[in-house]
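Chain nomenclature is as follows: A, B, C and D, assigned in order of appearance, with residue numbering initiated at 1 for each chain independently.
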């Protein structure tokens, strides 16, 4: 048992106890959920500190017959995402304090289980375990949307479920193919990702596997044209659901591409780089344009997510260091900024029972504090320097620019479109003649201010010190990061084939102990290899 | 902590107003509006003091030689580091930064004081001061950053603050539209700037201390690595991209349309942001990247053309406006056009000098107009004013001095700075007589419209019965301070023929611009310069005279209005009888053009896109869903609880299996 | 001699008629009768087989069919009575619908 | 020859009467047509060389089982009810699909038979003793099973019938 297990067990235990507490009354369920979220936050912070500069591994036997192990691992990227999950979890519980009034216990149980699934996805290195976590995320989210959602909740919940589930079937097929291919080559069944990496796959196989895994992850991201579940799910989900969805759930798709697809099938990735870039760029503009003409607050923000996530995947697919770092930054920042916008949408809906821009307008006089927050998050969303979003988008644009100058030019226009819809969010809500419908709405209270302000602080800190986010990417050895030296070359491009070359394809390198481990008692992968 | 090895801490400069903004935002509910105002003024005042200290420290350093000016440089931490994007949070305080910081904090301080009185009865005063402080902080980051990426942080920050402050009177939707327009248009420029900076970063990096690398890029014949362009072409592209960025921020053609609308904000904001400081960021940028522009050559020509064209364009528009602030806004565009023209003909230090003088007289004019507006209860149409000379004496004095400087009245600062630019436009290697001619015509128009203001607003009889309430002293004496500088500051760079302390400013900047500063070509002497100065003075005086005959107390108003001129608003389609005047009134119809070419298509595209998403993309999935549902209803119809249906399904199965078996089993 | 398969074809025809009856009729009694027809048709096939092969096995299986048919009829008819008592009809559609409610 | 004379007319009668069963309106008539059909089938049995089974068919099927039907029909008084929806002969619409499928099935069966050509004619197997021997020696287990089925059937019939005669019985008691 290492920190990884504790982090994983915390929400599970929390779910059980919260479920029991929910039988007493709502408040105790909230308190219990909050307690376990805070414990998770503390543990995640400890993980961040522990992992610094290396990797933390934990491995137990699970299903030996299948070759499945309980293999958790956290490097810098993983620890970062775990921390993000924990932060978002705390805020989610905080913001639903008055938002959720029915079946309070059950709600928090589902939220905690959702955390479990997400954490499992971020930490698992065994593909069966990963897939388990991947599917585990679906069910709680389905119920969170379907039970505590708004007017059209069932439709959205089912749509969400069907889309992501269909996607994950492709993912499963691809994983199983690799699994059996590995077994056929070595005679040993193993779901361990490190083992699967050693599988020799032909170009055609790699392309197929890429497509399968890519569809599975792209639905979750979501990339155009798999995105249509997102606006519905976001719009109908309760505030906490939207927050978690935007904050971390979408990131699992990107994380999957980053962590599993790129190392596993470099040839496939190289073959479909153009496709990935095209879909990302389409997504950027498509989401932004669609967002601009929405009349529903949350729907607008949901479409903006598609646009932002387009930047993330673009950063991945351009295949250089700045694109990659930008992608990770944008992942984190999008979670915080869009999460903030969803919080505000939720606060507004809680007070006004509507999300329609036509009903809002001129609310600044009544809610100056919230106006300031909304202004900040809108500015963050359009990527104003000083917030993390700028750094992320800028890195991605720089990466695209390095790949092809016109790609950078096209992408940068996305920033203009981001400005269009972000300003619209703010102006349509806060500016204009004072709303006739709403008088004397209460401004944000302390609890909401805490939730929003913590997001603001994180965004600003990342905006000024982006290395807090990008430095961990290099902790576990820069396996995942495209080689820095190539793209730092002032003029000249890394060759396409080289860009995704990973040690995985080289059996000699594969055996090399690449990671350091700190905690005693953990299974020492590197150490074993050395012995 | 604040002074280390004789180097004052540069981070304090932007940190002070930022701290002020932070305090105001955090505790705004707990403090009175007056307290917020005091904190804001205090923060900027302290900042100005610190800037003065930094400046005196810098000036106190011995100048090493003519080519290396002393500067302070301070690195805090690494901000961006990925591939070509390398940037530190680091500050550079050289002579260019010094001039800009003095203006930003000094003029900013006066405008803060003025705002304290001006915004007294406004419900959003705390918010106003918070954003004003934030603006000053951003602007100071812009002008003290040591690399272009960090500068971009300030660059965007001032844009955002400009957006907040233009939309300060948020309950009017046209103010929101103006704010949005300002933000989007400048952001369009910013995108070009980003691309230009990325290109620069790829070529040599964007640290201001290392820009001399552009010279060597020029030598590269064909750049390697698939870019397939000569170094010179790349430089030109980069220069043009930066120019586009500068044009967006500085309201130059063709991105100038936002500035007249930006006058929707409070008048002190117009004075600070849209006259003195933010809009001159483009000038700063071009001055910083002068090596790139000179290396490109074509870039310089483009800059000069943009500057001259903008100067002329805005001056013509300013002549027919009826809104006092709009006149000043067009005048600002025009004057920045002069600065850009100055930069474009290679007279970098003169461009900066015009910025310096313009900051004073234009801030003075804006604040004075603010006092007028404030005294007349937010009346902005000049044709509803008149005869204010005796009622607002101090304001009139300030306005008159500011207008004189704007018009280039001989002896005022505007005369010296403008004349020097015109001289350079004629005589330097990048200049030519066309630029000079355009500049001269513009100077004439400038004199006409600036004194049109004086004559219409302050002379004659009151045109409308508005009670004039007496402005508080805080609304007057900052004007007088600014007016004093507006008149006298020209002594810093007296023309070469004067002899006494002449060209002090140019010498001061010589180490910065060095050989890139274009000097008059052979054959142009001080005697020529004196003659052209006389021509300039004559043009200015002639313009004032023409203005008197056209708009003076006894003149018939020109151009002839179509209706009651006092009712004209900025959106009035045809305020004048003359088509030309209407054309000029609407800024040569560029707003309408952009609305037709960009705004409406994008909006329509957005609607179409939303429709496509709902109907086509989602429709595909709905279709899949419908197919599945059709299967579902088919299957459900088998399970309807009727035995007969079950039997039939069974029968179907039997038939199907039999057919299958029969087709599989060979005969 | 009769060609043996003619008897089998007859059995097929009867069986198909029975099937149509089961599917198409709505009344429980007719459905039961149609089932009887089908069973009978099956019996006929057995008997024809027995005649073809000259073995008693087919006949014996016909005899086995008899108790099955009898038992089925006994239970079926008892159920019919019961249903009729409950729903006052033997219309299977009506019964199915009222079960849903 | 005699067999041919018996077979084809009986076959035709069997088919027609069976069809009448399906399409008749009145359950009593239907039962009677069914009895006729059974008689015809028993004639077919005879012509196939199984006179014993022909007798069994008449006695047990027509005599016992069909009479049971008749009783029930009479008990329910269905015959005297006005013609309800459910007693109408099936309409054309209801017959289309089952008709198509049944026809396909029939065609398949005939096709199989024609292809297979079970050659040889029928043989006379008219020996009850031999039948009995074969039954009780060779298929003793089947006899046992048949007996159990019959027993279950009779118990079930009695149980359900009892419930039917005492309508107060709850449905759950039946199961």
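Heads up, the rule we're going with is that contacts are C-beta pairs under 8 Å (C-beta built on N, C-alpha and C of every residue); 3 or more make two chains touch, one makes a residue touch a chain.
Everything numeric in this text was worked out from a predicted model, so none of it was measured.
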Chain occupying the middle, per Cα centroid: A
Subunit A-subunit B separation of Cα centroids, rounded to whole Å: 38
Chain centre separation in whole Å, for subunit D relative to subunit A (CA means): 69
Interchain centroid distance [CA atoms averaged], subunit B/subunit C, Å: 94
Interchain centroid distance [CA atoms averaged], subunit B/subunit D, Å: 99
Contacts with 2+ other chains: residues of subunit B: 648, 651
Shared-contact residues (touching 2 or more other chains) in subunit C: 19, 23-26, 92-93
Residues within subunit A bordering two or more other chains: none
Full enumeration of touching chain pairs: A-B, B-C, B-D, C-D
Of all residues in subunit B, those that touch subunit A in their complex: 25, 28-29, 77-85, 89, 123, 127, 149, 152-157, 160, 163-164, 167, 170-173, 175-176, 179-180, 183-184, 187-188, 190-191, 194-195, 198-199, 201-204, 223-227, 602-603, 605-607, 609-610, 613, 617-618, 620-621
Subunit A - residues contacting subunit B, complex: 163, 224-225, 227-228, 286, 289-290, 292-294, 320-322, 325-326, 362, 364-365, 368-369, 372, 375, 379, 384-386, 390-391, 394-395, 397-399, 401-402, 405, 408-409, 412-413, 415-416, 419-420, 423, 427, 430-434, 464-467, 470, 484, 487-493
Residues on subunit B engaged by subunit D in the complex (per definition of touch): 648, 651-652, 654-655, 658-659, 662, 667
Subunit C to subunit D touching residues, read off their complex: 1-10, 12-14, 16-21, 23-27, 29-30, 32-34, 36-37, 40, 43-44, 47-48, 50-52, 54-57, 59-64, 66-75, 77-82, 84-86, 89-94
Residues of subunit B defined as touching subunit C within the complex: 640-645, 647-648, 651
